[in-house]
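Two complexes are shown next, each including chain A; its partner changes from chain B in the first to chain C in the second.
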Partner chain A sequence: MRERLRRSLVRVGAMAAKETQHVLRDPRTLYMSLGMPVVLLFLFGYGLSFDLDRIPVAVEDRDHTEQSRSLLDALTASGELEAVAGAEAGAAEALFRRGEALAALVVPEGYADDLSNRRGTRVQLLVDGADAVVANQVLSKADALVRAEARRLLGPDLADVAPPIQVRVFTLYNPEGRSAVFMVPGLAVYLLAITAVLLTALTIAGEWERGSMEQLFASPVGRLEIVLGKLLPYLVLGILELQLVVAFGAVAFDLPIRGNGLLLFAFGAMFLVGMLGQGLLVSVVARNQLVATQAGALSALLPSLLLSGMVFPIENMPAVLQALSRVVPARYLVHALRGILLKGNGLDVLWPDLVALVVFAFAVIVLATARFQRRLA
Partner chain B sequence: MSTAPAPHRPSARVQLAAVFRKEVGQTIRDRRVMFLLMVAPLVQTVVFGFAVDFDVDRVPTLVADGDRSSESRSHARRLLADGTLAPAGSAGSVAEAERAIDRGEAAAALVLPRGLGADLAAGRPATVQVLLDGTDPNRATVAGAAASRYFGDLGERMARERLAARGMPEPARIDLVPRIAYNPELRSPPFMVPGIAAMLLVIVTTLTSAMGLAREREMGTLEQVLVTPLRPLLLLVGKMAPFVVIGLVDVMLLVGLGTWLFDIPIRGSPAVFLAATLLYLMTTLGVGLLISTVSATQQQAFLGGFLFAMPAIILSGVMTPIRAMPEWLQLVTRLNPLRYFVEVMRGVLLRGAGFGDLWPQLAALAVLGAVILAVATSRFHKRLA
Partner chain C sequence: MSGAAIEAVSLTRRFGSFTAVDAVTFEVERGEIFGYLGANGAGKSTTIRMLTGLLAPTSGEARVAGHDVARSPESVKSSIGYMSQRFSLYLDLPVMENLLFFGGAYGLSGRALRARAEALLELTGLAEHARDTTGALPGGIRQRLALASALLHAPEIVFLDEPTAGVDPVARRAFWRLIRDLAREGTTVFVTTHYLDEAEYCRRIGLMVDGRLVALDTPAELKRAWVPERVLVARGRDLAGAAGTLAAVPGVRDVSPFGAGLHVLVEAGREAEREVAAALLRGGARDVEVEATEPSLEDVFLAVVGRGAGGEAP
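Let's turn to the complex of A and B:
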């Protein structure tokens, strides 16, 4: 029994060695799995941010007084908003259409009079609502700036009657609110999904397409051993990639590593096993590389990007999609990586994620092996 | 009576029609490919149109009420009732609240100090604390702003009441009156769905054309066709034709679905939209062709396509605004056809933009398309020669 196991392991090892040579000899695959993560990490880290500054706002001052100018100065002083000329007489929407302004602010005639006579005055803000995220930022920034100006004007009046209520905000884990710290764990997951599903699906679909899989079966190597041997190098590659991404994230974007590094790789390895199984399943079902790519992208890449909580919060999705996201393994790994890296969570908090990953890996491997056997029969 | 014509090369029109018929027929007959090219983008648009929603609301918030007065309770209740924050239980201490955030049971905690009610009533300064889970910076910012605004308003209101009680004149107020154009409810789908459509189109056209041509190279069928009297350029046009048709049909389906399912308006000129789509397909197919000429196998073509598609998607403004990128990266986005197509789509559909507003984008697409196609075609010729 032990002798059989030993021989079997030798055969798996030989298959793995052969596949490793294939990978090593093809610089493109290596680039894909080790160079591309760095490039993408760079792009994601710098490119995916929602924080806008210097938001172009068309301003129209109908009052032309010292007070109205002081309001406009106060709005643009912080650099969050930037004044653009040309909001006169309904031209604002033309600016929106050309993307030259995102909002238009009108200071009404009589603004200074209203202030000095202690009447209420209304400053109008027209916001380009096409992009809801940007519009919300414009609204809350303009609102805060106008309030601050109002408080500055009224300061002497109010200070002696009521001391202010202070709100102290402490942001845990990511005090500067940097997008990169949020994105990098998600990106690591996404890159692992790409390597594991697409590379295996393409490699194995290529063997089917060329008919070389049948030749391999004619060799004394068992079928399961072939599959294991083929997947093993990609598992190693995936783990290397995870290390690379985390290390690069730590160096380039100050990504903290607060939790246990070994736990990180346990989660990563479990996720990879599931994703490799999915790649195998895709290749068996698709039978050629063109279909395998599209099926892999459809079943693994887009869900990993959009339903994992990596960029778009899961809590906001409708109930059906929240339920669907429960069968996307990336969801659990994204949650676990953020927990380990940013919060320093341990297994006591993250065990449900690990259970989910194990269940997914088990289910998909059973399914893939069953389809694989049937395919050959 | 006519005699049999001398063998000659059929006219370009006849050649083109023949290649077109063959290529379109071949593509349509492959059911799985058709399914992936037509049905998959639709399903994805529906799923992701619903998935992509950045609205921050109902952030689970713990209350650590050190005061336990009716005042502190009423402030906590009113702050948590405004929709941005939602109650997620109470904590006995700051440390307990922090542990709950660690475990992910809450994303924010409101800490009200002992004596808050009495301080407010007596007009003494008071400090409340807000703890935020910063793993999602967007959510943290919005949640923090909601708490700050609530207590800012509260302070101002109390000051005014006190002024009035002393018989002093009410100070002037500045009200910001916002009006939101195009999308008054600030829904995400009208903005995101056109972006998703543009993104899917890259995947469908660039990747499929690159891999399709690489496959022919792998199997050697391209060389076989070239020994026929067909001119290489016409062969190329014929090969691209099914993808142009599929791309156009996909765009129409996606926009139709968007208007029907997500209430996306079509406010601008459909002609500009159509022109931009054709120019955009020219660039994505040109890139696909270019990639196929530098790839020996499908796997390489796929990697090349992916290498183009991922950065193109990230740097397009589909997911995050281009204005939020660093300046040097904004310059890079000017070489990205996806960026211009997304701008045209959103401009035409949402803002009612026309040719007068969008000609720079159309011009950019035309230039990029012409350059890419020229380079790709010359490389294609060289490869075959």
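Let's turn to the complex of A and C:
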């Protein structure tokens, strides 16, 4: 019994050592797992930003008074909204259509009069709703700025008269609302999914294509031994990648690491095992590298991007997609990473995510091993 | 358990309605070089895959090294070495890494594995290439490496599926020298090939035609049984155009091209050299020489195929 176990370990070790040699000799694999993540993180981290900056707003001042100019100055002072010059009455729609402005502010005639007579006045804000994300942000920003201006106009005596309901908003964990802090944990998950699924899918399909799978089957190496031997080196590579991405995020985007680093890697490793298993399953079924790449991308990358909550909040999805997202392991890791990195959560909060990842990993490896027929044809 | 290294009884494999191997029965003795011959698609590789436990037989049974291939393929796998048709080495790895991996796959490890790998490099004459990347080596060397990796665990039986396909004649000769050394030391060798000259090295030969084993014996016996006629070899120039005239020569049974010349089969006991030469000259050939020769395995093969898959030895 012990001798059998020893021989089995020797075989797994031989598979793992061979696979490591392949990786070390193939610059593409190394680039894909260690180089590309940094490049992508850089591009996504800076490019995929929901932060408001210099949103073009057409302003139409029909009042031409000191007061109206003061309102417009208040709106554009921070630089988040930027006035587009030369707008005319009723031109807002044309500007939207040409994409020259995303919002338009109309200050009506008699604005200053109304104010000085304390009659209360109205300004009109038109927003281009084609891009809902920007529209929402412009709306809340403009609203806040106008409110501040209104309070200033009330003067020191009246400003103290508090309205009956007052909401004070404090944003915790990401007070500046920076996209990068929100994005990097999601990106880390996405990049791990790429490495895990694509690399393993390629490696097993490669053995089929090369014909060496037949040679392996003719030896005493068992299915689980092949699976484990293939998995181990990529697990190590994946953990290195996770470390790299988190470190890079911390340095380049000030990503906080508030929770336990070890817990982070425990989650990462469990997720990797599941995704590596999925890659194995894909290549066991596909048997050629081209199909394996396509199937790997479809089955792992798209769900990890779209259904993980990395970019699109799961809470806003239709019920069907919400249900579907429950079998996407990336969903649990995105949640866990945000919890660990931004909130300093521990297992007491995140244990359901870990359970989900373990269940997925176990199920997919059992499935891959079962589908992996060690006989030909 | 019988003394035979390999025993196949009515071994059959069907793929859908196609019968790749049809009720094949034979025995291979220990320490024997057994050649398995046939055209492409005759069922050689399918037979080997069943014997190595890679493919389950549809019916019939086979025992390899005393283990039933259908019931305990894992025991079979541990006691055999297998070199598949495309030598499946890892081309991106150095020679030594390939050996260490395949050794590990058979459960060898540590110093024992390294010593065994070095011994095999020595045996196959690859010691100087140990550090070379496998993909950069010529076919003949890769083929010896593939053999070495099938021998790491000192198997009782090695299965070689078309081991010399696409390898130059000098390398083929060196390879066969290795195989004969192996057999002399007691390893059973089961080898498929479609090079008939190589088959002469085998102690016994099985001939496959369309999934059926139609002849099985030593090369000499096969020749005696299947080619009772006298074989004349005709050499000269412009022979091809003149071959047609031979049909009219009394006693001529068959004519086939052989190398640059012709093999002419004539009835046993008939002296036809002069008539054959005269007929060829009449047909326009020049510088014709005709002499008697030993039948080759190619003559046997043509006789077997010519008499059809249903043919039995006369």
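The definition used in the following text is that the second predicted complex is superposed on the first by the 352 of 377 C-alpha atoms of A that agree within 3 Å, B and C clash if a C-alpha of one lies under 4 Å from a C-alpha of the other, contacts with A are read in each partner's own complex, and residues count from 1 in each chain.
The rule is short, and it goes like this: a contact is a pair of C-beta atoms (placed from the backbone, for glycine too) under 8 Å apart; a residue touches a chain by one contact, two chains touch by 3 or more.
None of these values were measured; they are calculated from a predicted model.
Annotation: superposed three-chain arrangement on chain A; chain B versus chain C shows no clash, the two fitting side by side. Looking at the shared chain after the overlay, A:Glu149 reaches chain B, while chain C stays out of its contact range.
In the superposition on chain A, contact of A:Trp351 is made with neither chain B nor chain C. Once both structures are fitted onto chain A, a short way to say it is that chain B and chain C open up an angle of 90° at chain A, using Cα centres and rounding to the nearest 10. When both complexes are overlaid on chain A, the residue A:Gly99 reaches chain B alone and has no touch with chain C.
Between chain B and chain C, more residues of chain A are touched by B. With both structures placed on the common chain, the touch criterion links A:Leu216 to chain C but leaves chain B unconnected. In the superposed model, A:Leu298 makes contact with chain B only, not with chain C. No C-alpha atom of chain B lies closer than 13 Å to one of chain C in the superposed arrangement.
Within the complex formed with chain A, the chain B residues making contact are 32-33, 36-37, 40, 44, 47-48, 50-58, 98, 101-104, 120, 123-142, 144-145, 147-149, 151-152, 154-156, 158-159, 162-163, 166, 168-184, 186-188, 190-191, 203, 207-208, 211-212, 215, 297-300, 302-303, 306-307, 310-311, 314-315, 319-321, 323-326, 329, 343, 346-347, 350-353, 357-358. If you check the complex, the residues on chain A that touch chain C are 7, 10-11, 13-15, 17-18, 21-22, 25-26, 210-221, 375-377.
Chain C makes touch with chain A in their complex at residues 15, 49, 52-56, 73-74, 77-78, 80, 82, 84-86, 88-90, 92-93, 97, 100-109.
Put simply, chain A touches chain B in their complex at residues 28-29, 31-32, 36, 39-40, 43-44, 46-52, 54-55, 71, 93-94, 96-99, 114-136, 139-140, 142-144, 146-147, 149-151, 153-154, 157-158, 161-175, 177-179, 181-182, 194, 198, 202-203, 206, 286, 289-291, 293-295, 297-298, 302, 306-307, 311-313, 315-318, 320-321, 324, 335, 338-339, 342-345, 349.
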